[in-house]
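Shared chain: chain A. Partners: chain B in the first complex, chain C in the second.
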Partner chain A sequence: MQASASLSFTRPNRSVKPLIEGPLQGILAPNNPKRLDGRAFENVRELYVQTRIVHESSGSCYLQSANAKVIASVDGPRPNRYAYERGDITCDFRFAPFSAATRRSTRRSGEEREYSSMVTQALLPSLHLDKIPKSSIDVYISVIEADGTIACVASAITAASIALCEAGIEMDGLTVGCSAVRAGGRICVDCTGVEEKNVEGYLLLASMPRLKKVCNIVHVGPWEADDVTHVSVMEGCVGWFGTDTRMTWVFG
Partner chain B sequence: MSLEFRTLQPAQYVRKHIEAGFRPDGRKLSERRPVSISSGHIKSADGSAIVRQGNTTVVCGIKLELSKPATEAPNTGFIVPNVTLPAMCHPSVKSGPPSADAQSLSTFIKEVIESSQLIDPADLCPIPSKAAWVLFIDVICLDHDGNIKDAAVAAVVASLRSLKLPRVEYDSDMEKICVTSDFVELSLRDLVVSSSFAVLDVGSVNLIADPTWEEEERVDSTITLVLFESGDICLTAHSGGLPISQQTLQSAMKLATTQSKEVLKALKLLK
Partner chain C sequence: MTDLILSESEKTFILHGVEQNFRIDGRTRSDLRPIVMETDVVSHASGSCHLRLANTDILVGVKAELETPLAAHPDRGRIEFFVDCSANATPAFEGRGGDDLAADISRVLTSAYESPEVLDLRELCIMKGRTCWILYVDILILEVGGNLYDTVSMAVKSALFSTKIPLVSVTSVDGGEPELELSDDPHSSSRISVKNAPILVTLTRIGNHCVVDSTPEEETCSSASLLVSVTPSGHITTVKKIGGGSFQPSSIASATKQAVSVGVHLNQSIMDKLKQEESMGRKREKVGFL
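Coming up: the complex of A and B.
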């Protein structure tokens, strides 16, 4: 090794993600009878949830759904004299730079702002913010690994709701998020990153399975009028919510 | 009663404990928190590691990109380290552009990598003048309970050990760069471990190993020693207002040498 050669610590002007030559991964195709990971089209991934992750926060939650990993942390309620009748809630949704195949910048992007507002909208219906006037709550969501962007926003909604519950914010019920995509005339619930490529449209649904109510729907793309998507996705939410006992185990 | 004392007079709370010879969480002054390191679990990153040191949790992810080497350095690659302290890690941290703390941590990591010469620059330049690797090393602190430096260094070293570089070929006829799916581990020249101490003068100067957030905020100074596996010093950093005697520095060296063995053992178990 020559003594003169030393590493450069300044970022080069241009760098690109390496395209590795090798067998192409299978994409969701209309005539594929099964999904890559062996799930049925209407099945959601297994969920792992753990609370009390961040020690100084009011409430926090780590949620893992197969490869996707999300952490939500709640700070508050803090005094805020501008929030007169109802408490104010803000979500800060961030992707870690290493969370996706292509590295993301550390600067906040428009996409992250959009997802932040999607998560806020999804959480608002269930919270009793009028019980905490003159306060504000901050929800910080950090995506460590994203396997499917829309599925990851859905997981973020669930994680944020669990963290808010641990923080003691009064709510009607836990909000669970679930997503689906439409590709080649087929509906596929809770898609991974590979499955989300080249789709005709996607649906993100946040609901309170306990009360059987829908909190928020984000829908992009054309769908058939008699599609059973909404029902499948709702059932996805219920599947994740499970029984009372599973959720109380998380908090107990 | 002690909770009120802790909230209203935190500096006195910490001092009283140190004067008595132990710390608010019950540890002795020279005792470190147990460290747990796991690597390679983040599949979207090319190299990754998670380090837990008591409550302090730090995640490191490495992403690889390809670039043309600089014209003045055609045989070397690039490393771009970055440390983020997001608002979630502690109530005192506000969201927004990187704070002075975060920026100084990023510089610290860069200095550790540079000073330790962990990586052979030729390893990061598979095709001189044509293709060089850019290693984006991103460290995110998920939970801040003091002593991010030690955790960050351990996370960076562990994720570099888990990093696999694809083999790059150059087709001179077509003038095309091909990245194959043949992966080679990045070989590190050595291992480094960081040991931080807080220094508090309560009549006598006390070295407090592996300070928590509460202790870090209320001490006079901090010393960080980054040591190689052999015990040689890679880097020394001292910040804060208290001048330190040679004696204190020697004690810190001795403690650091003994204590770094535990982290080295954890790093070696990863492979």
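Coming up: the complex of A and C.
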């Protein structure tokens, strides 16, 4: 029996997730009483936190909220003779290439630089960097699976803060990040990737709930002034932080 | 921005002044310093504006170029912001020193102008999917004297107001590509509507209150600022925190209210002045840089 002459395998250049027919539009439409996963609009996803994931680093944290997975690791404080009066902190926020349905480029994009600066801004108020002069701290954040871009940035803030705590950096309190989008005139807290499509803008809030301080607020989109200071986002932070008893167990 | 060194008593003096709603130069917390502005100062640009707010000097040039639209939005033009922190402004900007700040300002402006109600980018489309206008807004920072973001946004809005886009006519050739003809007449041009364009308002937190238009001394006293982008109708298009400090949740709410009231008033004043300048027509004496 003769083998067939040629079997040509043309490797596809890019991998595409198969399209699923379904009600993707209007997930957060005004007439929808609930979300896809049954949460209320002010509720955040459940959280799972594990520290001491990366043994080589000073401190690390793995954070998973429903499907989104983030790893943060801290390297430092390392000597840095250019940081005179106060220590220096740099955050490197990256999406892994396999984190979303379409593959991301390995080169750092402007979007990732923007998110890195959002995370740095959120962490700065809580840290006592003047206690570690002439040192620098590097925080590396990798998003392994993204489920909602801005929600991932919020999780990254929380994960980075826990990793810094585990690394022994002196801080006022844990910083927790929470995000919200506005769709159909309604504020919806902690949205997944599907819910984030076609929205009228997003809001990211990072706070230290115990000290009632807002560490960072970033908002893009045409909103009314009242929506920006909507109480539900702040309570989203508190809701996540309310699991602090579980967090002490994780550290202990 | 500048590395000012203030003594503790000077900082306390500024703090007490802010609490009493009477700052060092006599302004209230919501007052701005005098603004001098002129549009159409750069002859090669489609639109330009030279704006000076006390010691902060910004020059903006807008150039409109014909390019293909993005595949995701074939019926819209684009607007892109580039900021150049000139080494004239502060010695800290020498070499690559100003790059981070420049990237930051252009990101904030992109977020502020992102929402569709701000600028109708469909007005910039000539042929759907083929050609559109792209507005390149180039911002040159000549001098920094406090309150950089707000001054840049005011200059950008004024430059966009003065931008004249040449009229384009599409002549279709039988069996070939449609051809574009730019009108040769320099006086026949279209304008883009900036009636919803936002202005950034920076609220610098000093003590328990927020001040608008902070001087470099006041900036040294504060640990955190809130940047709010306000449209003439009072909507907020972007909010960002600057600096290493934190806010109380209630002060964010009061700060955004203050920003909206100042922003709406400022938008109105700038539009009034721009219209007044435009009404002077060709008889207007150009002051330029002297």
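Keep this in mind: the second predicted complex is superposed on the first by the 218 of 252 C-alpha atoms of A that agree within 3 Å, B and C clash if a C-alpha of one lies under 4 Å from a C-alpha of the other, contacts with A are read in each partner's own complex, and residues count from 1 in each chain.
Note that in this section a residue touches a chain if its C-beta (ideal position, glycine included) is under 8 Å from a C-beta of that chain, and two chains touch if they have at least 3 such contacts.
Every value quoted in this text rests on a predicted model; they were computed, and no experiment measured them.
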| item | value |
| --- | --- |
| First (chain B), second (chain C), both or neither touched by A:Ala146 | first |
| Touched partner set for A:Gly38, first chain B, second chain C, both or neither | neither |
| Which superposed partner A:Pro79 touches (first chain B, second chain C, both, neither) | neither |
| Dominant contact partner of chain A by residue count, chain C or chain B | B |
| Which of chain B and chain C A:His55 touches, first, second, both or neither | first |
| Touching partner for A:Pro125 - first (chain B), second (chain C), both, neither | second |
| Contacts of A:Ser117 with chain B and chain C, given as first, second, both or neither | second |
| First, second, both or neither for A:Gly185, with chain B first and chain C second | neither |
| Contacts of A:Thr106 with chain B and chain C, given as first, second, both or neither | first |
| Contact residues of chain A, present in both the chain B and the chain C interface | none |
| List of chain A residues in touch with chain B within their complex | 1-2, 5-12, 14-22, 53-57, 60, 67, 69, 71, 73, 75, 92, 94, 96-101, 103, 106, 138, 140, 142, 144-147 |
| Touching residues (chain side chain A, partner chain C) in the complex | 110, 113-114, 117, 121, 124-126, 200-201, 203, 207-208, 212-225, 228-229, 234 |
| Residues on chain C engaged by chain A in the complex (per definition of touch) | 103-104, 107, 111, 114-115, 117-118, 224, 226, 231, 234-242, 244-249, 252-253, 256-257, 260 |
| Chain B to chain A touching residues, read off their complex | 42-45, 48, 55, 57, 59, 61-68, 70, 73, 75-82, 84, 86-91, 95, 98, 110, 113-114, 119-122, 124, 132, 134, 136, 138, 140, 142-145, 166, 168, 178-181, 213 |
